[in-house]
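Quick one: structure below, then a few questions.
The chains carry the letters A, B, C and D, assigned in the order they are written, with residues numbered from 1 in each.
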Amino acid sequence: MQKLYIHQAISISTQGFWEGFDLPELREDLEEFKAVDPDYKTVIPVMSLRRMSKITKMALMCSLTISKNTELVWDGIIVGTGLGNLADTEKFLTLISATDAGLNSPTAFTQSSHNTLSGQIALQLKNHGYNMTHVQRGFSFENALQDAILQANCGMKNILLGSADEHIPLLDTLGREMKYEERAIVQFGEGASFFQLSADVPSGIFVQDALVKMKSENQLQEIDSFVTKNKVDKKCCLLITTPDMIVDCGMDRKSLGDLVGNYMTNSGIAIHLGCAYLQREEYNHVLILNANSEAGMGLTLFGHE
Amino acid sequence: MAIQVLSSCSIENGTVVVNGTPEYSVENEVFSDFLKSAYRHLDISYPKYFKMDKLCQLAFLGTEYLLKTNDIPFTDDEVALCFFNGRSSLDTDSKHQQLINDGTKVSPAVFVYTLPNIMMGEIAIKNKWYGENLLILRPDFNFEEWALEADLLISSGKATYCLGGWVDVFQDNYQLHLYLVEAAEIKMKLTSI
Amino acid sequence: MAGKINVFLGAENVISPLGWGIQETFSNAKNGRTGLKELEQPFPGITNLFAAKFDDASFSTDSPIEEFAGESCRGSLENLNFEHQLDERWLFVLSTTKGDIIHLKNGEMDRSNPYYLMQQLQKELPFESQGKVISCACISGLAALIYAADKIAADQVDHALIVGADALSEFTSLGFESFFALDSEQCKPFDKSRKGLNLGEAAASLVLSKDQTLFQTSPLRYLGGATSNDANHISGPSRTGEGLYRAVDKALKYSHKTADQIEFVSAHGTGTLFNDEMESKAFASHGLQNTPLNSLKGYFGHTLGASSLVEMAMTMQSMRENVFLKTMGCAASGTETERNVLTENLGMEIKIVLKTASGFGGCNAAVLIENQ
Amino acid sequence: MINVNVTGRGVVTALGISAKHHFNQLRSGVTGISHFQRDEQFLYAGKVHFTNQQLSKLCGVEYSDYSSRTALLGLLAAREALSNTILDSRFPAAFINGTTVGGMDLSEQYFEAKSKGQPADAALFGMHDLGANTDFIAKNLGDFQYINTISTACSSAANAIMLGAQLIQSGQYQRVLVGGTDALCKFTIEGFKSLMIYDSELCQPFDANRRGLNLGEGAAYLLLESDESIMESGNQCLAKVTGWANRNDAFHNTGTSPEGIGAQKAMQAALEIANLKPAEIDYINAHGTGTQNNDSSELAAMEAVFGTELPDFSSTKGATGHTLAASGAIEAVFSVESLLQGCAYGNFNISEPATASKALLRKAVSKDIQHVMSNSFGFGGNSTSLIFSKC
């Protein structure tokens, strides 16, 4: 597998705006899981800002900041999002279900498209390269990462990879109607994470192996063989992006839900967190476990040189 | 099972519409003249056409226009004919009755067309089709109900294709909506489902 | 085609000049009576006609066909167990070629449309689902039977009442006369000296159902049926019998039977030179030249859209009573291929019967039924 | 070099079901677009003439009020694509689906109920997320080790095909089902109307007087297999995917640049990957939506890539309507049929061509076809070009 080095990472989450690999002080007693808005004006033109929904703003803030720090022209822009632009979708659905709405404003419609994020990034950067959006539920980000690895294997050098999901109040309403537990509803989260990946310039931290399997008879056995194959020792931190997932493997572990809330692409920020752990050289590896659906699971392993 | 339309043809108000596209149109032509000019437009030679009554001529025209767009190599028994018709053969019945009322000698050439299913015979002869024949009389046309009959003919294994629909003629009033349909079934040998 | 759902048929009935109801009609036929006779001045312009016609005094309205067809339906329904709900799972089919055509003489277009007759009949029926009219010339009856059976097999309906009816009219009499297709004496189906057909009027009805218990008397089983076209000529039958051969072939296929399992054939047998010849050829092609066969046109005349249901009902009665009727009018078999045409009533226990019909427009129909 | 073989295909659109049926319809010049009524307004659209109940029956699944039309259409087409293939094999299968509306038809019901103050059923959102539609299809087909959903507007399915081809070529998977599905829904109809590019008449792609697009619905899938997989499945190679590329126009969120830069780059890169000269392309199944903007920039881009000697080209959207995410896969199936049957399709409803080039086909043409290019462009500047070649 082509090694993919991580050069930059930027996230927006309920923990705030987080740039680089220094581990910030993480609060683990959060009562709210809404992403803290940074000052978007620093990179997004104010005129466009007004009409953008939060998910677009978050994604642009992360990706444009990364791009500003480098002279590179991206060979590919790859984004994973679970639910896409919920706010714009809700807005347009409300518009059209009103009786005799007549001609509606197209803004919400055009922005509701799932690839608005990758498209807006390309537009802002005038980037004509590969541009992709993966939307496979809880594995959207894992699949985007898989795509990045595949494209690196096919010759791409510099890739901008990211994830984003937004929260709208309707989700809470639906959660209540569907009789979710109140704590689970409170933990509905949101956030965005973007990374500069390079296939040829080393950075110290790299993606060692990534696996997404939709069909797995025995998840624990699967994890075991993945860990064995990659010669992972006890000095590995396990980051779990799934609520209620219990893995007893003698590794240090952290649940992302408590840190940033639960959203479909929170494995994005798990990578960011993993990078920070690796940077501090506390661990040899960071393994991200996403077992978001009953049968499927994603395993992403990072190492450092 | 369900069916899907391969081609369609409508004829009314001096216009022949094939697969949604106007194919031939004239204004202010009486029905009998229209039957001639639309036949000429087809550019085929079938002298028997001129022996037919108006109902058969209309059904024949509709079928020919419809088949022009499709060159499916039908085998001789895989096309079922299924027609709905509103006023039976009353147009020709009236002619036959008029001869009787007038005390004139009745004509076998007229009498033979006093059966509405003759139009299916004419189509079968032209195309050498030996398949199923069904004619149902009803006051109006409804595609969904026709599709149900066509579906039954196909799903019961009696035909691969069904051609038919609505043909109705009475004096100067006429209307035709024909369809050629096939099964919308996908044949599968999937064992993993 | 009978799939998983079996289709049963019974409650057959016939109202004809030969008898009022299936019992009387069958008994009269068995005793060698015929409904055909020489009519003097049956219609203005026709001096004499050898035909089967009801006595004018039998009817109280100006629409005899409405009365005798309605009577047939009522008779059929009386033979059902009425705890069964009569609801939208019922199908009503009228098979007729000309309906109440006598009103055309006065220019009454609407009443002359067969659809009108169906609506009139439906008014008397205890179920309200929209009735159908099938008009496929002389195969109308079998076409209606096949149609109804297919609908039941496909689970679109549960039960069907089908009635075939046509009246003797000036309209058809003069038409057939113009074809020189009429015999001025008793018709002689399958006979060497046959000259033509006799016309007649009658109604016949029967009930099809997926439910055996609907019938008071044990029903027969519908095996399969098919129609086909000669693709040859609109008024003359195919010389080779190609269309009929194919209809029988398909009916056998849908019935999952082979020709050698057919024990009896109820033929169309109009008595015209070409029709009977054509039928013989088609049957011979299936190797049925030695299978017992009859035509019942000599009892009823050719009752057009009603004929194949009249003959079906009579044949069902034969299967129940184990008596098969002779071909009235036929003295010695006279078609090209030697055939086993019944010229005397024959007592037989028969399991599987083939019923066929052929008509103008080149259409043919074949149905197989079985005595359980 | 591993070949990317197309060994199965399935399609459902307003024209009907099955690849064979569609080919007959296209060659005959039949359109599936009809004038139909929706919420008391009439519009031209390519509506699949089966109810959700009928679709469920055709798919062999139990009807449910909570199954989206997008998923049902997709399952039906996928079934056809896999009709000769058993999934359980030593080669794990992958499934990549493209969609943009997903279960929007159900979400609309929720909002409709709410706007009328009626109780709304939260379960209607069960298929709002696009991946749920993909999972529904996958679950009813068999076991897939890799399942993914691509949503890049109107190029979604084309990108799914591209990704599948790369998975095969890189040796990661031997057997990949790729394509896309989208159902008609109020959301997209009203959306394109709000952009004022929904033609109230029959759409006229590549006509000088074109006014916009007609939406359609449908789904299509291709089964891609490596040579090794074919040895096991015994499937016949119908065509090869030889070229693919995705580039971005980076000009405007919904509009395309006048010179079609993204389209040019995608076509050029696809030709490079296929190792073909422009002159070797025998037919282009263009994106050709019928909007002023798309068709003029697509023409400009084609001229930039192919010079004045354009290969024969046409848009088949006049027959199916614009099926959004599914269009790339539907047109890929058409391209495969084009190779198999030696026929380039005619463009629909042209009265005055938008180009003087004779290459714009107005009627179907029979000829030997070795290589077909299929273009798909979407919102967000997303531009994808695929090349299919004879086996």
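In this text, a residue touches a chain if its C-beta (ideal position, glycine included) is under 8 Å from a C-beta of that chain, and two chains touch if they have at least 3 such contacts.
Because the structure is predicted, anything quoted here is derived from the model rather than measured.
Ranked by how close its C-alpha mean sits to the mean of all protein C-alpha atoms, the top chain is D. Of the two chain pairs examined here, B-D and A-D, it is A-D that is joined by more C-beta pairs in contact.
Chain centres here are Cα averages; for subunit A and subunit C they lie 76 Å apart.
One finds 36 Å separating the Cα centroids of subunit B and subunit D.
With centres taken as mean Cα positions, subunit D sits 55 Å from subunit C. For the pair subunit A and subunit D, the distance between C-alpha centroids works out to 28 Å.
Subunit D has residues 143 in contact with two or more other chains.
Taken together, the touching pairs link the chains end to end in a line with two free ends. Two chains count as a pair here when they touch; such pairs are A-D, B-C, B-D. Residues of subunit A touching subunit D in their complex: 77, 82-84, 89, 92-99, 101, 103-106, 109-116, 118-120, 122-123, 125-137, 139-140, 143, 147, 150-151, 153-154, 173-174, 177-178, 212-215, 264, 293, 296.
By the touch rule above, subunit B contacts subunit C in their complex via residues 76-77, 81, 86-88, 90, 93-94, 96-97, 100-101, 103, 105-108, 111-112, 114-118, 120-122, 124-125, 127-139, 148, 152-153, 155-158. By the touch rule above, subunit D contacts subunit B in their complex via residues 10, 15-18, 21, 24-25, 28-31, 33-34, 49-50, 54, 57-58, 60, 76, 79-80, 82-88, 140-143.
Listed in rising order, the residues of subunit D touching subunit A in the complex are 92, 100, 107-108, 111-112, 114-115, 122-123, 125, 128-132, 134-135, 138, 143-153, 159, 163, 166-167, 170, 172, 186-187, 190-191, 193-196, 246-254, 261-262, 265, 378-382. Of all residues in subunit B, those touching subunit D in their complex are 1-2, 4-7, 19-21, 69-72, 182, 184-193.
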